[in-house]
Amino acid sequence: MFLRRTIPIFIVGFFGAFTLFGWFIENESIKAFINDDATQWYDIIASFAIFLGALNLLKLQSLKVLKRQSGWQYSLIAILSFLYVFVIGFFMRGAFFVEISSIPSNPDPMINLVNETTALELNSSYFVDVNNENPFRIEVPFYTDSSADDFVAQLASLGVNSAVVPTPWGAHIQTSGGLFKWMFDNIFTPLSATMFALLAFFVASASYRAFKARNFEATLLLLAGIIIMIGRVPVGSLISSWFVMYLTVLGVGVVLSGLVRDRRIIFGWVLFGLLFVTILGMQMGWPIDKPTMFFLPALQEWIYMVPNVAGARAIMIGIGLGIIITSLRYIFGLEKSYIGDQ
Amino acid sequence: MEKLENIILKLGSIDRRIIFLIIGLAVLIPLLRPVDLPIRPGPSSQQVYDAIDSIPDNSKVLISFDYGPSTRPEIHPMTLGVMRQLLDQNRGHKIYVTCLWPDGLYMAKDALKTINKEYTLEKYEDYVLLGFRPGYEAVIKGLENNLRAVYTVDADLTSIDDIPMMEGINSLEDFDFIFSGSAGYPGSLEWVLYGPTTVPLSSGTTSIQVNEVLPYVQSGQLKGILAGMPGAAEYEALVGKKGIATSGMAAQSYGHIVIILFIILGNLAYFIKERRERKY
Amino acid sequence: MNKQTLQNQLVLIGIVLLTLLISRFEFFNSERSFMFAILLLIIYILFQEVSNVKKNPDSIFLRTIPGLKAVEEAVGRSTEMGRPILYVPGIMDMNEVETVAGVIILGHVANMTAQYETSLDVPVSRSIVMQAAREACKESYLRQGRPELFNDDMVHYVTDEQFAYAAGVNGIMQRSKPAACMYMGKFYAESLLFAETGNGIGAIQIAGTASQAQIPFFVTACDYTLMGEEYFAASAYLSEKPELIGGVKAQDTFKIFLIFLIGLGFLARMLFDLDILSFNLVELIG
Amino acid sequence: MLFSSLFGAWIAAFLTLGIFSYLFRDNPFYRIAEHVFVGVSAAYWAATFYWTQIYPNLFGRLFPIDGPFNNFWVVDKGHEFSIIYILPLILGIMMLLSVSKQFNWMARWGIAYTVGIAAGLKAFGYLKSNVIEQVASSALPIFDGNTPWFAISGNSIFNNLVIIIGTVSALLYFYFSKEQKGAFGKVTRLGIYFLMISFGASFGFAVMGRISLLIGRFNDLINFSTADYNYATIWIIIFIVIVLGFWSFKNPEKSEV
């Protein structure tokens, strides 16, 4: 009970109050803790925790395979992919560089060999001041130690002194040309970018379905969305504000037809509106971007700088309030159910 | 009329996979056969351009690469554009590159490679890639406190003390301008919240983030913002070097038009259905 | 009532005096004095409201939030259809207040699923969240006297990577066809992937988030959405405990104070611009 | 071109198209891509977290070159010895031990720490940026003499009034202690209108951003369909379409809900 409840609640209260009130205290080590160490500690704890998650994933997927549940073949793929990356992440550096420290008088065979193996396009000017203190590093690493050794042997047969320099642990996951980076570029990135790109399709089908003028609120949502969508792209500045004015007149007519029974009023409005716009246009000579209010790029700017800011600001303040009060509830122990203490 | 209504109704209950297909084609075709559309810089992009333009000669500019490959088409043209604007004028600006995202490092390396091809630059004289440090906003706070505690070495493990252009730089306040190319958390928001208030800050963000960041532009905490790919294209136009953002804008425009047509169609179908249901 | 007003005034004066006093000390960051006073004020309001609620719990009124009523309906519907409930506590870790709130709401949902004997599926994207969510669910099943229905693997880890998690959860939705999907936590771009897939399989969807950029997607694609502040109030509504209801009341009281402050700032600015006031109050606050 | 780049392009094109095939319906190609992604990314983050957090920031501080344990193990990451980092180590190990039923309470300490600092750090940050600064920037000028009455962009009295009215009314929508009826209901209605415009604007922006991403993906696929990559995209599309066609024929869609 003490270990399960009392201490965790004490930890929340202590660190919560410490980081909260620490903001007001001028003290280097407190500042350092709040600005840096506190989050770093969390990162470290989370880094340990991720192994729990990985274990859980492996366990569930293996169970599927062992029990031959439907789709177990895919679970096998997940397990193998996991193991592949786990191995290149922790047990194989996957990046061994070769550094040339002396070159023969005729470097051409060596340069040919290097270019052939690495698809680089080196020429002799790259090797001008190569020596033991200042070796030349071939920027394309080898995936395995043995392939790098082989290459060193090949170079040696051409009279070139070279050595294998493995990438240090830790740096190996970020070395361009390394195995981990290859995985990142060719598996991880395309998958994540494509999942992200699926959104382009989903956003289209969602707007198609949801952007319906069911009521006044939905109409506002729809109009704001459409105006931003057109106004922000180049096509928007090709649409004359006069066209938008005509549309507005007709749009108001449609709205009126729902409110007013008398057809003559609607007809009168539309006729008057169209005439007014036409006369005004003839007076002003139909400039594409005037009156500014009806020019889509300007209109979208207004929507996003004025009513949108108001709405966004209210949500921001609301969220701020919610977070502050909720945080205080945790710090003062008013709410404890996140550790299962209801 | 009745027939037309029926067609619209049928189109209104279209399978969403057809929508997917049409959207795909609307984006793909302009990419295969590029079209040139006029680009008119908006005020917030102009503000970024002017803010960078107005920094004094020989300024130290920090560019933070806070995005990864998935948002590259949007943000990459912006960070490249900022570097080009800084270097174009030959005013002796120095570029310092940091990354709050691990993938940001690769983006930064890539951008520096491109820039190095276009300009003759001296590493550690004109630019330095400080690299990625984990810790999200804690990195910003750390940089503000003591930059040299966060970065003891640069991305190539060269000691900071051996880099000539790092002289006199001890915290974020020693920079003259900060630009964050940001695709989410941590990014522009964190730079505003935890960064220095004395250094002008601009940001380029994905379209999606714009709303969140906009109030800070309004309140002046951010000097303008490049909003999504259109922002990037506008900025490319301002800097005068057209790139992938500009060519993507045609695809973008068609994509939008298709979506809007679908929305209009959906609304027409909705109204027709409503009216018919009311009648019977 | 009078006594209360007097007490409030005294405390307000006390806070101001304390802040002024403490600002004199070296160790205090006096640039943040205003924030400090505001923080003390909030804490005072919080405890005051909690004790108010405790004193007369019956007189407390909270307006209904439609999304919350829908939670119980959704559990009921899943039971009828014999299909599981999917609960996604966001994609961020426990170091986000939203996630913690999501885990707390999960506890309440688990109470209901234990009562109704509906199966609950909670894929998570962070291991610490996995541990916390398990504790919360286990406690709920114990409280409802159904420990045998609880199983550690109802809360399971998928992956830390945002879109891989989205791909995995979409797969789960496609294959197990849950009758109800709930998304409560911090979300980024994957929100629409969830909501559209959920829509495609015809599930009832209830979302709750304080991620400003994602609220519009949830509003358009889900049946119910707890927006921003509503989301933080949700756990109090569900728990019906005075300490938590008091928190919601404190939010309201402080909101009124803020609106007053906006008005005051506006007025002060106006007076300043009209040269009636010689200083700009807003600059003092900022 | 190196074999590894060529092979990489084929893999990338296959996985990309596998994910895109989800737009048609859930199918074996998507399931392969999904499971590869889940497996790869879980291990990717485990490795990345270990090598960028635990190794440099924890071990780097407990076993630095001049630390007391330097004859035991050295992790030189430029940090000073810092004994206090024994605490996150203990919490981390407790987290790991919680995998066994007997010790599963141990996770609670780590959770408690995480929640504690989250509460402390976020409360202050949000109070400053989301509340005080937003309130302060709502105090917009109305009568400073050089603000125009009406201007579509930039400061104008009309725009500033709209912002203030919008902010306050939308804020009142979140007021929980009163039923939204009568005059108060009218104000909150107005608040909802502002919220809706804001949502619509966000949505419009999102559409834009999302299409930008698609452009990026298509650019890659177009790139992979060149002769340099042996027309990878084209071959894979043909393969996937044929297999999917055959598969759909054998597994007709159950009535889509």
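Observations, loosely collected:
In this document, chain identifiers A, B, C and D correspond to the written order of the chains, with residue numbering beginning at 1 in each.
Note that a residue touches a chain if its C-beta (ideal position, glycine included) is under 8 Å from a C-beta of that chain, and two chains touch if they have at least 3 such contacts.
Computed from a predicted structure; not experimentally measured.
Of all chain pairs in this entry, the one linked by the most C-beta contacts is A-D. Averaged Cα coordinates give chain A a centre that lies 6 Å from the centre of chain D. If you average the Cα atoms of chain A and of chain B, the two centres end up 11 Å apart. Centres computed as Cα averages put chain B at a distance of 16 Å from chain D.
Once the centre of each chain is set as its mean CA position, chain C and chain D turn out to be 19 Å apart. Residue positions of chain D touching 2 or more other chains, listed in rising order: 19, 22-23, 31, 33-34, 37-38, 40-42, 44-45, 48, 52-53, 57, 95, 98, 108, 110-111, 114-115, 117-119, 122-124, 127-129, 131, 133-136, 138, 153, 164, 167-168, 171, 174, 195, 198-203, 205-208, 210-211, 213-214, 216. The set of chain A residues touching two or more other chains comprises 20, 23, 34, 38-40, 42-43, 45-46, 49-54, 57, 71, 188-189, 191-193, 195-205, 207, 209, 211, 221-222, 226, 229, 232-233, 301, 304-305, 308-309, 312-313, 315-319, 321, 323-324, 326-328, 330, 338-340. Those residues of chain B in touch with two or more other chains are numbered 16, 20, 24, 27, 43, 70-72, 102, 134, 208, 210-212, 215, 218, 227-228, 230, 252, 255-256, 259.
In terms of inter-chain touching, the protein chains here all touch one another pairwise.
Only residues 16, 19-20, 23-24, 27, 37-40, 42-43, 68-72, 102-103, 105-106, 109, 134-138, 141-142, 144-145, 210-212, 214-215, 218, 227-228, 230, 233, 249, 252-253, 255-260, 262-263, 265-267, 270-271 of chain B touch chain A when the two sit together in their complex.
Within the complex, the chain C residues that touch chain B are 163, 188-189, 200, 212-213. By the touch criterion stated above, chain D contacts chain A in their complex at residues 1-2, 4-5, 7-9, 11-13, 15-16, 19-20, 22-23, 31-58, 84-85, 87-89, 91-93, 95-96, 98-99, 105, 108-124, 126-127, 129-131, 134-135, 138, 152-153, 159, 162-171, 173-174, 191-208, 210-211, 213-214, 216-217, 220. On the chain B side of its complex with chain C, the touching residues are 16, 70, 184-185, 208-209, 211-212.
Only residues 17, 20, 24, 27-28, 31-32, 43, 70-74, 102, 132, 134, 152-153, 192-194, 206-208, 210-211, 215, 218-219, 221, 227-230, 244, 248, 251-252, 255-256, 259 of chain B touch chain D when the two sit together in their complex.
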